[in-house]
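Please go over the structures that come below.
Look for chain A in each of the two complexes below; its partner is chain B in the first and chain C in the second.
Presenting the complex of A and B:
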């Protein structure tokens, strides 16, 4: 393998990794605050893809506006889903399994809804920006650079919100001790709903950016949510920075790994890495070792 | 100021509190003493709404607190320092303390209250940037009390504030309770130790198996035959 090819693969890995990181970060945010695994996360991603397809590819809305509107729509739908399902179950005893069942149910429902609304055909979305960046032998489409830039900007904004704003403090406090947070005046229910919506919004951003690269279809969320689970395990369950680092790590290892083997090995590499992690460091990169 | 009357609490089918009635007057320090598992914590959790009462009445200055959600209690002037500190371990000392002023009613006076609690516990100013989870038990208790005071409560409740602390630290916390009370804040605390409970409170209640069996002035409680016989081995 030449140095240029290797470098190209690393860059591709970083770009793909930024998408894994976005997906994983949303999942980690939701798990961290509510202790639920959101199995419908891939379908919020899918809805984001279809909304961009509808607005940008069909209605020719400006791409920036299309991405913003799609993300906002997914966040609203997610907030509604949270209030109608998870919120009710969180109040009950022994809810851990029922939230898995209900988010799986939502996942199946949304897949079939998309199938009924848009059909099973793969729908393609044009690139937001045309052209290719060329430096010497090194070539990279501007669309991919845009994907990375948007992902980094969104994650940095989210990290800043968690670190510096009142809302962010409330999310972190609720995640670390819900009772103590309630006592100091944090309305946990509202925080849960908003966090769920924000997590889904991160998935929608990922979908909006990836829609021109992969095609849009009702099952597009499945491969991504599986990778998001891997990322969350790598980073440490519920850790936002862990999911981001885990996402980039997975992207790079996958991209380099498939050039050394072949693309059929992609999932083997991802899960092999996860199993190796569970073996030597089961609490993940940023998780806390439990005694 | 605080009136609890006929309070019953059940966890599922198991009743843990029976007909609890107690009061805390303005500016009073009141102790609830009882052995492990007698239901002390549950009384405080019921008052602040973390557990639901199946019967009874809880009122603050005549205003019923039933139906006020826990996250709104800071606005009513009620604060609770939970058992075993319960800090936010991944947040710094300063972030923990400032979280105590999260309720909208507390935001305007956050700065002056921060200054006050840091004068009560000077170590908090030195440790502002440290992660709360990495402090010793005594230091964590100071952060927890400081956090509880940041909402500017009229009633500060403390669930076993001396649990697991070295005697020197216990002395400091006792001293702090006195200083908090001197500011006109009423204090209601739980404790298992008879002396710690009743020698540091104006009035006290003795709780056994979820029922109040005795009440009286703090020092009188120490002299009571029943307390002496059962808890002091006299």
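Presenting the complex of A and C:
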């Protein structure tokens, strides 16, 4: 193992980590405002991948437009799903479990809808940009650099929106206490729907960027949602900055871990890290201790 | 809510058990028997999962780990060490119970439903990935085959009992034994002081603890007994199907299937998971003609049941014959519902 190869592995870990961070941040946003675990998150990711495949690979739409349209379409579908299921269940007792159950149902439904629409073949999407960056012995395809740049830009925008806009204040107020927020005039229901859609949109962005690297298929969401679970556990469930740090941390630890063992151990490393974290620090890096 | 079944209800249960036991003697359709065997196995699995989730309130999403551990343990030991499956099956239950204790340890420390869901699911994923990685022993996704079937034996008066693919009846009775045994064990536990303690924990951990109920002991008990049952079922499955892959016995699909069964039948009731298992297993087979759309319908069904029938099919049964008392048990949705049902 040369130093360059090791560096390449770490950089690849950071790039994959940025995607984990996007997935985890969406999940954390949804959990943070509604306290629900969205098991359909992987399927919003999958839909994002298929929309990009359809628009960019099949219809030859410009990649920027394809990514934007796919993300918007996933956000709309997610808003609809939230209004038809989660929004109603949140008013009932036992919602912590019933929302998980219903999103599991949505996940099965969307997977099989994709199977019926596009078949079970692995569909490949061409790179958005060609070429390889070479510095000395160090090589990196521009596509991967683009992935990282888009992820950082999207997360920075999202963080800025949460921090400085009236909408962001409303989201954070609803997260802290939906009833108190409603009292001061925050439309809590609308905030819930919009955050659910935004969380799903983050997953769709991740899928759009990763589609050229991994192939697109109806089951592509499952490995990613499980990784997103690891990310939110590391960062603290419901913490947006926690998910971002957790995502990069997971990406780097996986990359270093598999250079020391082999790529088959990637998932064992990830889940082992999650269970160890839950054991010693169940509230995560950034979460608040609650029992 | 712990009232025994009404006499009519008891008679109905006795009748159903009798039908179940006589059925293979009069109906020789191999395929139908196979479906009933699977329904019984998944029904018992759902009953065991429901015991931890619906009664003890520990919402685990990783019970398929115990099924897979039981299946692979029994298959590998009996195949490689040439030990009779009759011995490795109970041993598989014990191994699964030990694994249950391991998973329960981190679960003891956390109360939030999503965290419990993620740690249990994460454990199952670790088991699945390990079985895939050690493919010299397990053959990974290529499939483990050459698993020995149960040894035949002779019953005086009945003749030779052989376990092979063509002969479903011996498997049927073994599955019925595991099914009825699991249901009976759960019924006894739920109606005993253990069951009361578990429901108390589910409804309020703090209140239960203040009454001197040891949370640690009861949670470990709920997890390990349930894991034991699921491990036994997994071992039976291995020696029945005779082919294992990590994705078939350890995939999230299997867990979702068990959750679907329980939701559709009725969470937190005794009969719900059983009804759900038969309806779903046979229903999905019956829809084979419409191909991939059946899984679409299955997903939609889970959504519809959660949204509009939170108490599941058992609620319908209760409406048909409220005096039977089938729907008795503890509804997960609201205390109001439970009061109406009880």
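Convention: the second predicted complex is superposed on the first by the 290 of 291 C-alpha atoms of A that agree within 3 Å, B and C clash if a C-alpha of one lies under 4 Å from a C-alpha of the other, contacts with A are read in each partner's own complex, and residues count from 1 in each chain.
Heads up, the rule we're going with is that a contact is a pair of C-beta atoms (placed from the backbone, for glycine too) under 8 Å apart; a residue touches a chain by one contact, two chains touch by 3 or more.
Since the model is a prediction, treat every value here as computed from it, not as a measurement.
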| item | value |
| --- | --- |
| Clash or fit (per the criteria above) of chain B with chain C on chain A | fit |
| Touching partner for A:92 - first (chain B), second (chain C), both, neither | second |
| Winner by number of chain A residues touched, once chain B and chain C are compared | C |
| Touched partner set for A:113, first chain B, second chain C, both or neither | second |
| Which of chain B and chain C A:156 touches, first, second, both or neither | neither |
| Touched partner set for A:179, first chain B, second chain C, both or neither | first |
| Touching partner for A:279 - first (chain B), second (chain C), both, neither | second |
| Superposition-derived angle with apex at the Cα centre of chain A and sides reaching chain B and chain C, degrees in steps of 10 | 90 |
| First (chain B), second (chain C), both or neither touched by A:80 | neither |
| First (chain B), second (chain C), both or neither touched by A:132 | neither |
| After fitting on chain A: smallest Cα gap, chain B-chain C, Å | 8 |
| Shared chain A surface residues [contacts with chain B and with chain C] | none |
| Contacting residues of chain B [partner chain A, same complex] | 48, 50, 69-75, 79-80, 82, 86-91, 95, 98-104, 106, 147, 150-151 |
| Interfacial residue positions of chain A with respect to chain C in the complex | 31, 36-37, 85, 88-89, 92-94, 96-98, 100-102, 104-113, 115-116, 222, 226, 229-230, 232-233, 237, 264-265, 267-268, 271-272, 274-275, 278-279, 282, 290-291 |
| Partner chain A, residues of chain C touching it in the complex | 59, 61, 105-106, 109-115, 117-119, 121-123, 125-126, 129-130, 132-133, 252, 256, 259-260, 263, 292-293, 295-296, 298-303, 306-307, 310, 332-335 |
| Chain B-touching residues of chain A, taken from the complex the two chains share | 166, 169-170, 172-173, 176-177, 179-188 |
